[in-house]
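Each chain gets a letter, A, B and C, in the order it is written, and its residues are counted from 1.
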Amino acid sequence: MTALLATEHLTMRFGGVVAVDDVDLNVADGELRCLIGPNGAGKSTLFKCLTGQIKPSAGRILWRGRDITGLESFEIARLGVGIKTQVPSLFDGLTVLESVRLALRREARERVARARAMATLEQLGIADLAQHATALLAHGQRQLVELAMVVAPAPDLIILDEPTAGMSAEETARAAHVIRALNASHAIIVVEHDMPFIRAIAKKVTVLHQGRVLMEDDVASVLADRRVQDVYLGKAADASLKVIA
Amino acid sequence: MDLVFAIGFQVMSGVATLLITSLGLAIIFGMMRVINLAHGEFLMLGAYAAILSAREGLNIWISMLVVAPLVVGGIGFVVERFIIRRLYGRMIDTMLATWGLSLALIGAVTMVFGNTVAGFSAPLGSFAIGGFTASAYALFLIFAAVVLLGGTWAILRFTAFGLLARGTMQNAEMASALGVSPDRVYAATFAAGSAVSGLAGALIAPFSGVVPTMGAAFIAKSFITVITGGAAMLAGTFSASSLLGTVSTLGTFATTPVFGEVMMLAVAIVLLRLLPQGITGRFFRRAL
Amino acid sequence: MKFLIEIAGASVVVIAAILVLPRFLELFALINATVYISMAVLALSLALVWGFGGILCFGQAAFFGLGGYSYAVAAINFGDTTYAIPVAIAVPALMAAALGYVMFYGRISDVYMGAITLTLTLILFNFVNSTAGDQWRIGAAPLGGFNGIPSTPPLNLPGDPGNPLPPESIFAIAAISLLLCYILAKFILRARFGRVIVAIRENERRAELLGYDARAYKLGIFVIGGAMAGLSGMLFANCVFVSPTMFSLFYSGQIIIWVMVGGLGTLVGPVIGAILLNFFTTWAGTLPDINPSLILGAILMLAVLVVPRGVLPSLTTLLGRLRGAGDAPGDAA
């Protein structure tokens, strides 16, 4: 079976730094994949390559077997990829409903589009914000509005960069719940840092280190792995990792 | 052979003129990320300062090399205090406000001195190499460009102010945590950049003539040179003015001055397409 | 509903102006009023491009000048102004398409865009200035260098070159053009295209991540703006005649000032800004020893420093507050 999204020998160099080094990644339809790694491992760079924000120096990116390397962001989005950036990226001059309506790019009928946008807002429990200006929302609400824009067009794949950054433990737990629920109908790739969160949602984890794939396995084996403990948290943190695992 | 000499000399003096007239803008843009659209009028004010003090009987060299930069540096200090400082971090607004300043200065100078061309002749006669004569003043301009570039580099590299300025440019918060007041560094930088513009205006005045609207001829070229140069202000201005100055001089030679400008713009656009961060966004990144 | 009321209101004002003004104004004043209206069309073009598209164009005067010159050259060559009108709109639109393609598809930043549009305008200015002499002619039309083309023909009845229109009719045509441009802009902004344009202004990356090709949308609004500026140049050429000053930095700066004073993100504001400021500079020009450039420059500086939201929107807000009238119509388009 061809993977939904795959990379082959994907490499990104910045001058002398090889931020992503010969990465092969395979994500299947309906999968939930976590991408972890210590600071500077190349996660954000990989995210930017996958979402068309930068062009890789070498290697290929495949969507259902079709080469999509070097496509623009909007072309990748049109394939059916929903992308959520780390810092919520919203239309500050528009209302919540208008923003989500814009996300339904392919729906030309205004009435249908508005109804679908409202339905998405209800799903995420923020229907009461529909007429609010996005500029005035609190951080947590902004995260949800962006999520609504990402899921409204029912993408086949959702890519999230550090969705829990800046969230409280409680909010993180709720985010984990939302992501698992979304996974029922969408494949998801999550770039993350937060270990409890990974444990809560992950089935399969890919570990990046110095731009390379260090290992790829289910969450329990990854967290138990010696090499991962060494590179990911450093030796001093062994104890805490054991607690988490 | 003489023709090669003549063309080579023309190219060098074209490059030098572009470099001199862009440097003040580059200093301000490089250090403060501020585009001063009144740059052309700062040149004009420098030219007027020189010509007026020369008319008052002051030595022509002192008028050009001392009075002009002092006067325009002072004006720059005031402008920074009342306009630029209020708009830090708002790049577009700064461009708009300095454009307003540019129009206002043209208007004010026209009211005071009238819309007529004043001028003074190049103070140095001419010289000959083989069968080809050239203005000695053009040679002086080339020399001045080298000195200005080298001097700015030396100030940034070796003096305490240069260190402060570079530190603030890299990280204003860190510098202010170390007790350096970024406000003061910015004020001094803007004044210094303005002084360089004033000097440049005085230097080119013998060739360009002095009119209230003379700035318009330079602002676009300087702007595009600085932008093409990119982040590293000295290396950027040097490489961009070498390239664009050569293109426009050769274009002018082959056809007309206007066509030379068209070619220069075309090259700049192509270059920006290839190197969106300017020349020094890709090359000489560690240079000043 | 509000949409229809605004369009109806604008139509009433324009029709009233067409019916009333020619009766009261002397010929010279009527021609001046026509000039102001052409400036209002120009302001509207930049209001779309900059105020809604978020594209900082320092060279709107380039399209204005191109429109004027294309009209003059085409009209002289055709011997009839009928088909010169589409030429005056098409040439600047094509220029905007070429320039916009380079800028937007090259994904260059605001500052670079400012540099390129400014330089292009200056080059056109220098070029047209250097076209004195008989070798510079396009067909039957001499370009005339810094003198411009004094023989720019006024509009004639369609297909009837022997019948040039009187200034009253040209005034009416200008006013109706302004109204049509306004209605067009309203429809554009109401349509999905306009909403996406505004979304791109708000957050270009987000719009792209939702699947919109920001480059194409920006190119679209830029070309519309170029065409509108060309139309304005054509109207201007009918009142005065075309000359290189149409390309000057003074004009480019003025257009920015009208939009800035009228308020970014509104349509009526820049139109009113253009008309009021033109009145003002014309009046100031009659004062002895006051240079209009000084006044305009001072206005621009003050607008940026004191009321960056735009003078007219701030005034409406203030008036609204004084009246205690609740919500201020700050976003009145």
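Quick note on the criterion: a contact is a pair of C-beta atoms (placed from the backbone, for glycine too) under 8 Å apart; a residue touches a chain by one contact, two chains touch by 3 or more.
All figures in this text were calculated on a predicted structure; none of them were measured in a lab.
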Distance in touch steps, counted as few as possible, from chain A out to chain B: 2
Pair joined by more contacting C-beta pairs (B-C or A-C): B-C
Closest chain to the centre of mass proxy, which here is the mean CA position: C
Euclidean distance of C-alpha centroids - chain A vs chain B, Å: 48
Geometric centre distance via CA averages, chain C-chain B, whole Å: 32
Separation of chain A from chain C, taking each centre as the mean of its C-alpha atoms, in whole Å: 45
Footprint of chain A on chain C - complex, ascending: 192, 195-196, 198-199, 201-203, 205-214
Complex interface listing, chain A residues touching chain C: 51, 53, 72-74, 77-78, 83, 85, 89-94, 98-99, 102-103, 105, 108, 149, 153
Chain C-facing residues of chain B, complex: 35, 83, 86-87, 91-93, 95-97, 99-108, 110-111, 216-217, 219-221, 223-224, 227, 256-258, 261-262, 265, 268-269, 272-273, 276
Residue ranges of chain C in contact with chain B within the complex: 56, 102, 106-112, 114-116, 118-123, 126-127, 130, 248-250, 253, 256-257, 260, 289-305, 308
